[in-house]
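If you scroll down you'll find the structure; I have some questions about it.
Should a chain be cited, it is by its letter among A, B, C and D, assigned in written order, with residues numbered from 1 in that chain.
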């Protein structure tokens, strides 16, 4: 491959890989910013992936290609609703948030496969007829270099993810809602004394994480595997959390970290066709994304500071 | 109601509620819940074979749970047990087959030691990165989980000349024991459970009896105060992680020397490490608690295999039940409030 | 773990109701009949791959002999992890099935152990070989089928570049790899073949990126042997086709007929053909032999082109006649032994 | 008589524990009303009830004559009640402006209008003489400024009634003076104020009336002009209290601790201690007086081994302890009561018994080899608890977190003194404590001195420095500018020294000689 060809392949692939990570990572960020650990996003992604595929399969006949929008919407809702389990346990019942997240992941994986078995009588669904597909952005795609690089092979979910990232930044850092949600994650008692309903903000933060992780899961399933099974999500939620921490709990940082993962992953898989890289033993390429991440964190990203009250149940009047 | 009674009642009620939810789901889905639970019970306790295998299943859960719990107790979240366990698995298998001519009394401990060392090393990296370079332990361990998966796969491949599993461990390194097999009708129960139980005591001893344990806990709870008291915070973080890795690595040894007798290529993570988190939390990060948590978790998981076999019910139902139990245990606060109210009402009468 | 190869199916003729749903479990078939059962590896009987194919064989045998699902007839158990093999095999033996199949190379150790513990039982092992008098080993010459896939790919490629996407780098997958390359080179010694082992069987994203990378560099036909990872290869190809009707992208499926996976819209399909692995036929064959008292215990039966154990699926017109003729030609040469296909992938590409 | 607030017969219970029982407090419009009581008497609880953080089990609250239910802080804000909490309620990584507008943010097109908000705040801060930087982050500003932010928070919301819970506990004397002025200004602007403080001097100076509570019960309300500190203390404790700690003459002997030309930098590598010299003899208490931020923290951290020393020399009993590790220094004979008891003094999640072993866990008889002897530890803990009158719920098994600040402090002092160090460093040892506890701690420090130990006392409170020290070293800008004797100096002179004034004068004088 020529250098340009390599680039034209790497960048869109990296974006593809990064898309669910961005969505889910930013979801987790909202949860953690509100003071609830986001460990459950893996499970929420699974719920989203299942819902997306289920809706896509069942309503394709009625809606044709447009069913993907319905599927994404349903995944969003399903994620948000399922995340209520975390909210109720962690916020209302003051449960340990790490436990809640781990339990939710287990629950989501089991319930979805159980449902698949119940509905379809087998362990995985068929492939959907309307997967998410790339398209060209008119005009922009004609720009030399940048066109083929960025605008000729675009997924709608990638655009959604980018919008979500920038939107999340705006919401969190420019809008009253963001100020409030962050205050609840940093110092809930201070927020409480300022008349902010801590529990409500935490519920909202968790449900945003559910909604975004749901969309992230659906977008993953509808672009990559095209079906749903117990292994569709396979740890991407954890990678998304890693992206969020890597991105220092900042939406644009998370975006950057997710893109970094995408790039590293693409290099590792597509590396076999890239001059020089192809001579590297495959195992090195396979571990590359993970090792690179650690090196990046160790080398220059430096210490990340989590929201202070993340993981701590808020109990009125307790010091 | 006394605190102790409440502390016992909370997990009990949680289990009952979990089973209740599971029953409801079965009935709603058109299955026979009684059949389902009979099958589950038989799967766990039905005969000596089942009991043997249930114990075998519990064994690595104990160790994975200890690994997570130990880290938690020292203020660290070890989500990397999975990777450490894989490293330990490979190391034990390798030492188990590659070193010949040793008597069992030396070879077996050596293989266990190798697993412990490998797990410890993998966790040490995380501790080191955290202590010296402020790398968040959660990302580092997630990344190292994947790294371990690919590295051990590549290593197994080259050790087996392009095959997919290492040679079987030698008789002198196996945890298998004919007598245990005989009394459990040829189940795959092995001596590993003894190792696991010893490690329960070891963890308890380290944390509750030694000066090091005192230091580790102090650093975990309040780094600043520990530093004021002249403790070396960084060294303790690294050490805590490393000890946690020892437990995880031994968990791998249980599989390598007991259950499978080799290490084979994995297409995905084993899941034991992640289950270990649940086990630790069920056990309130307390070694004895971990033992009970692992017993509950392992029994249900193993018994679930019999549900499709005997009752035709998907075994996922058991994972749902476990998750619900964990959620209830975690929400102990609300159960406590309920119990307190209930207790008061009774006293009032 | 390893759903060894691949996937793919003709979902139309897969009976949808051999689910685990309990209603039909307890039906009793006439006793005295020869009953069979199987244990899947972690794939499950609807994995669009060899587990499914094996289950089809079991059902076929059942239908041929008037058996019904359940005790004394035919049945299966699914494994969630490697740890479940022993128990599942054992459970089936206890239910007195006359012949029990273990599906997948990962099950070798478990079969061997169970066979030794139960010398009177009759077992069969698919995709691996163990030494035990009461085990019938079943192997396939995947390389021979893959050879034909290579012939097709090399003959049909317009760009002179074709690709192979593998899952985990293990011997079974290596056989697909080896045959594919030999077949392609036999037709066109100058053909460029890109190879990518993704290292996993369950990550469609990786399959998709691998396929994207290959298609981007001009590859027009990809043969995959990567299980769930292969789903990503299909989705990439379909997407390219959906976006550009004239795109010249094809996938060759594996194990079962993966035509359905390649459906882009009503008139377009990117599945060129699929390399079939006749696990179902082998199951029926061995079961029938056993029923007739000719159980090939302790032997290894190899199914290649000559035995119709492997082959190519109907291409539904996607492959022109002259290429099909060429395929037929090679098929005969291989079946007759004139061409011997290597099992080992070429060292250093 | 017009009351803006009436709390009548308030009762608040935590579980079975009654924190407030039938307490009545009436606030007149335009008055400063002090609320007085021992640690744990229930003052904060009562105010939290008024601010809507807690719901009372019984009693009535009237605001401007109308009976109200204050269900949450929002409601309190609506009623014009604002509260400056004992522990600041500020989000550390927010700016001053963000903290102030939180919850009632001005917006423009959906986005927060930070500029306008900052402008409003600047105007407000000018009006009330509350100097703040609207764009500074909380974590970067001084405690005094943080408090001004807290006050602005309430004013920004238009509070007419302001509650201050121990506002002076962590302020420097200068800041306290400023705060008193601000309080008076607020009254002039028509606000009414309730203030909790343990410092009777402040009460006498600023308040109009005082309500006293003891162990959750209301004792009564007195008019400030008609009472005196002794009476107040008696009402509060229920017995007579001695203010000025009994203290005999010091008998200093040989010099034991010596700091020479010490230079220490802070985390930004800015020099904070600049060639400091100091020496302490056995049997004397040297107080370091100074305004916060003049190098005290760096000085303590340097001599206890927690911070690198850039240059200079520290010796204890003739042994050079410069640059040694904290443990080695402790071993040489240094005891340390840290400034922040929660952060550095205790592991709050340990039982108080285990905390007693924090410095000695690795040594016999607390441990043998590598094995801890928890029986010994608990024995020792019980001894200290008894000796130092640490009030706990469940003895040595009480979690440190559950102890009141004063009792936590007593436990720390017990722990440090029990090790019998040659040098005891006490940093702000009485912050936030009631007079009884203060008296107790002071007498313990003096007891150490009388046993022939050296004591280094760091305090921002002139009273404390004057009463307890035998010698006062004034720190300013990283050096000791002068050393004076309490009997030969006045608060005035100390204040000037601490502000760096006299030094110049002296330097000029010296120059003239």
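As a working rule, contacts are C-beta pairs under 8 Å (C-beta built on N, C-alpha and C of every residue); 3 or more make two chains touch, one makes a residue touch a chain.
By chain, with names taken from UniProt: B = Beta-methylgalactoside transporter inner membrane component; D = Galactose/methyl galactoside import ATP-binding protein MglA.
Treat the numbers as computed from the prediction; the structure is a model and nothing was measured.
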{"item": "Interface with more contacting C-beta pairs, comparing A-C to B-D", "value": "A-C"}
{"item": "Between chain A and chain C, centroid-to-centroid distance (C-alpha), Å", "value": "34"}
{"item": "Approximate Å spacing (C-alpha centroids) for the pair chain B, chain D", "value": "47"}
{"item": "Separation of chain A from chain D, taking each centre as the mean of its C-alpha atoms, in whole Å", "value": "46"}
{"item": "Centroid spacing, where centroids are CA-atom means, of chain C and chain D in whole angstrom", "value": "75"}
{"item": "Contacts with 2+ other chains: residues of chain A", "value": "117-118, 231, 234, 282, 286"}
{"item": "Sites on chain C at which at least two other chains make contact", "value": "20-21, 78, 169, 199, 202"}
{"item": "For chain D, residues contacting two or more additional chains", "value": "none"}
{"item": "Which pairs of chains touch, using the document's own definition", "value": "A-B, A-C, A-D, B-C, B-D"}
{"item": "Residues of chain D touching chain B in the complex", "value": "304-306, 325-328, 330, 336, 338, 343-350, 354, 357-359, 361-362, 367, 370-372"}
{"item": "Footprint of chain A on chain C - complex, ascending", "value": "11, 16-21, 44-48, 78, 169, 194-199, 202-210, 212-214, 216-217, 228, 231-232, 234-235, 238-239, 242-243, 260-261, 263"}
{"item": "Residues of chain D touching chain A in the complex", "value": "48, 51, 53-54, 72-74, 77, 83, 85, 87, 89-94, 98-99, 101-105, 107, 110-112, 153, 401"}
{"item": "In the complex with chain C, residue positions of chain B that touch it", "value": "30-32, 35, 49, 53, 57, 150, 153, 157, 162-165, 168, 186, 188, 259-262, 264-268, 270-271, 302, 305-306, 308-309, 311-315"}
{"item": "Partner chain A, residues of chain B touching it in the complex", "value": "25, 29, 77, 79, 129, 133-136, 138-140, 142-144, 146-147, 150-151, 153-154, 268-269, 274, 277-278, 281, 314, 316-320, 322-324, 326-327, 329-334"}
